[in-house]
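See below for the structure under consideration.
Order of writing sets the chain letters: A, B and C. Residues in each chain are counted from 1.
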Amino acid sequence: MKILLQQLVIGISIGSIYALIASGYALVYSLLDFSNWAHGEVCMLGAYCCFMAVKVAQFPFWLSCVLGVGGAVAVSLFNERFTYRRIRSNGSPNMFLMIAAMGLSTTYQNLATVIWGGKFKQMPKVFSKSSLNVGGVFIGTTDLLCLALTVIVLVILLLIINKTRFGLHVRAVACAGRTAGILGVRIDRVIALVFMLAGALAGLAGILYGMKYNVYPTMGNVGLKAFIASVIGGLGSVPGAIVGAVLLGLIETVASGYISSGLRDLISFSLLILILLVRPAGLMGVDVQDKA
Amino acid sequence: MLNAFQEGVVVVVCVNLIAVLGMSVLTGFTRLFSFGNAGFMSIGAYTAAICSVQLRLPFPLAVLCGAAMAGFIAFLLGSLTIRLRGDYFLISCLGFGECVRVLFNYTKGLTGGANGYSGIPYRTTAAVAFFCAVLAFVIAWNFIHSKYGQSLSAIRENEVAAAANGIDVVRCKKMSFVFSAIYAGWAGGLYAHYLRHITPALFNLGKSSELIITTVLGGLGSLTGSVLGTLVVQLLPEFFRGLAEYRMLFYGIAVVLVILVRPAGLYGYREFSITGAVRFVRRLGKGDGQDG
Amino acid sequence: MADLLTLSNVSKAFGGVHAIDDFSLSLPEGAIQGLIGPNGAGKTTIFNTITGIYRADAGEIRFAGEDITAVQPHQAAQKGIARTFQNIRLFGNLSVLENVVIACNMHAGYHLADALLRLPAYRRAKAEAEEKARGFLEIVGLQDKAGERAASLPYGHQRKLEIARAMATGPRLLLLDEPAAGMNAEESRELVDFIFRLREQFAVTVLLIEHHMDVVTNLCERCTVLNFGRTLASGSMEEIRKNPEVVAAYLGGDEA
């Protein structure tokens, strides 16, 4: 029982990192109807920025984190400004956005390998590796911090989307881009801001992930997990992405704890396919039909 | 006739060409994305290997079994997932590919697990590979120019209109999916009999994206473009051995540039033809720039 | 004459909105009938329900004596219902000829093995389909554009190509969704003649949605007026024109 509880906590904490990235996927998808495959790499580059700041430039840790998040925001904005926007404006099919994102993802991953090498880099030990003992259940401090931070950030995100003027604009563009444009919403600006927001979330996720494990060029593959999470939740739905992410985190930890860590991915992927068969547009997505 | 190095280059190019042709039919002509074709390649490779080592089947039959098995699995998977829309289909394929890899890693008794499967006889000579590649190209060409292939292009262009013209969209998509899986399986079977030792890691997600990258670079909706793409992607690193570590970096950048500058790829939506080339050269000679 | 198409009490709702509500229509073989009404009256929804893109919530649709309420779109086409779309849907990156060939393919009699091995049956059927397609291009006057990319055609030609493509499936019933949209008076007159010729040559029954009233008056024997998903009036053109409710709906009177 205690082991299960412990794993649930770990699962939720991993899930919360997925949630940070997945909500970025969902935000971008809701506006542009494409899966931003380069999002995982944004996360990776954010982690490297933070690492470089703290290890090479010897900045204090909090400043490095800010720089890491800032770096991720910059990369995300760069992708939008110089790639996606151009593809949108020349009227190519949506598929090309995804292919471009795939190309960017490959580019960044290999760029990181060329610059920093393939080795694992360790983030400084800011928090003690100690764990709290809550009624016999051991919870790592990093896990706990990670969880707390994520919850706060995600609550703020949901508030931004649902309560602010900017959030209203985002929802308007998501609903009916062109109409929103006619009604005076500056679409490109909203999209750019959303990319920055998504980048910030990804940067934070990258730093947390790097602290929990390591920093390495292919760590962007965590974006794949987040993508799966957002598919489970329903593409384009931020709450769906969060639910999907936590669910995926839980399934992964429980599967590796009770069945086999080798089969972890098999189980989560099979579950993904199963969910899609029952709900073809994810848990909270809407199945849109092509209107004749 | 050929030294070992040249022989290897020919085999690798031809084997990849077969897999890329399958991808081209699926992505270029039907606009369905599969990140699972490396999975079908591995199914073909392992099936063919087991057939020829354990069951002692002759080489052509073993490869045929591999291709058939890949096609059969694709048929089963497609029956479940082909109705999923856009990215949901894509992620289900991706999930499938990863499942296959994990499964081959896990079934040590049959496949040798992560250490791989060895003792496969060397049968795929340059001549065999070349013959297969030509055969694959001719069959794909006939398929694409038949009513079946035209239906696929129609679906790519406009699904609703395709259905309104009597095309059974679901059935055609499934056919395209199975076709591409058979090609992947065929390529896998040949590859196994060239390498003599195969591991699940050979057929990872990276391999799937390499296939897609090649298809995009060559040009969507063009079989001759796919040939060109394969030659570029497979041969360039052979000529620039010193730059091997930058290989994927270049491809990533190339994909982004192609999508930005020339979305139809090197040779998109049209096929290379001698008469066309002659006409083009003549027109250049005349310099009148008139469209014939 | 027997009825080719009958819709009995067909309803279709999206969410809570009744796009069509208890709609009935019978179309005799060989007729040219109009379907008019203000935007959002449910005209295109009726087309989509007939062709199987939407499944009717209630009611029954019969075509040539057969219940087709639950058919898939491609089955509707195979049974002999062809259509054009309000927002033209061509296969844009394919050539003009290929657009029509694809429609002809519905009747091409060869199998996968024939195609893969390039057997004579395949070559013959392929040549036939192309021949037939060229014939249809000639009918709409696009024979010179056969090699061009469909999306590169001017708007009027695209409309014609879409009709050629629909006719190439060899339909008994042709559904035209605003064929005269964007055409000037001269082009509209040509269109009217053209549709009459189609009926003569191919014995096709036509149901069309149109906003150009002159096209409807010149072309249709009978007409159904739709408003908010319900039939407002139905009858000969003369009756329709005199119907006070129709006049009110179109002129925005308060009885509607």
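Here, contacts are C-beta pairs under 8 Å (C-beta built on N, C-alpha and C of every residue); 3 or more make two chains touch, one makes a residue touch a chain.
Given the structure is predicted, the values throughout are model-derived calculations rather than measurements.
Put simply, the chain farthest from chain C by mean CA position is A. If you compare B-C with A-B, the chain pair joined by more contacting C-beta pairs is A-B. Here the chain at the heart of the shown protein, by mean C-alpha position, is B. Centres computed as Cα averages put chain A at a distance of 47 Å from chain C.
Inter-chain centre distance (chain B to chain C, centres taken as mean C-alpha positions): 40 Å.
Centre to centre, using the average C-alpha position, chain A and chain B are separated by 30 Å.
Annotation for chain B: residues touching 2 or more other chains are 160.
Multi-chain contact residues of chain C (touching two or more other chains) are listed as 53, 85. Contact with two or more other chains is made by residues 292 of chain A. Here chain B touches chain A in the complex through residues 31, 33, 80-81, 83-85, 87-88, 90-92, 94-96, 98-99, 102-103, 105-106, 159-160, 205, 209, 212-213, 216, 245-246, 248-249, 251-256, 259-260, 263, going by the rule given at the top.
Residues of chain A touching chain B in their complex: 29, 34-35, 83, 86-87, 90, 92-93, 95-96, 98-100, 102-111, 113-114, 224, 227-228, 231, 235, 260, 262-263, 265-266, 269-270, 272-273, 276-277, 280-282, 287-288, 290, 292. If you check the complex, the residues on chain B that touch chain C are 139, 142-143, 145-151, 153-154, 156-158, 160-169, 221, 269. Contact residues of chain C toward chain B in the complex are 51, 53, 72-74, 76-78, 82-83, 85, 89-94, 98, 101-103, 105-106, 108, 110, 112, 115-118, 122, 125-126, 129, 165-166, 169.
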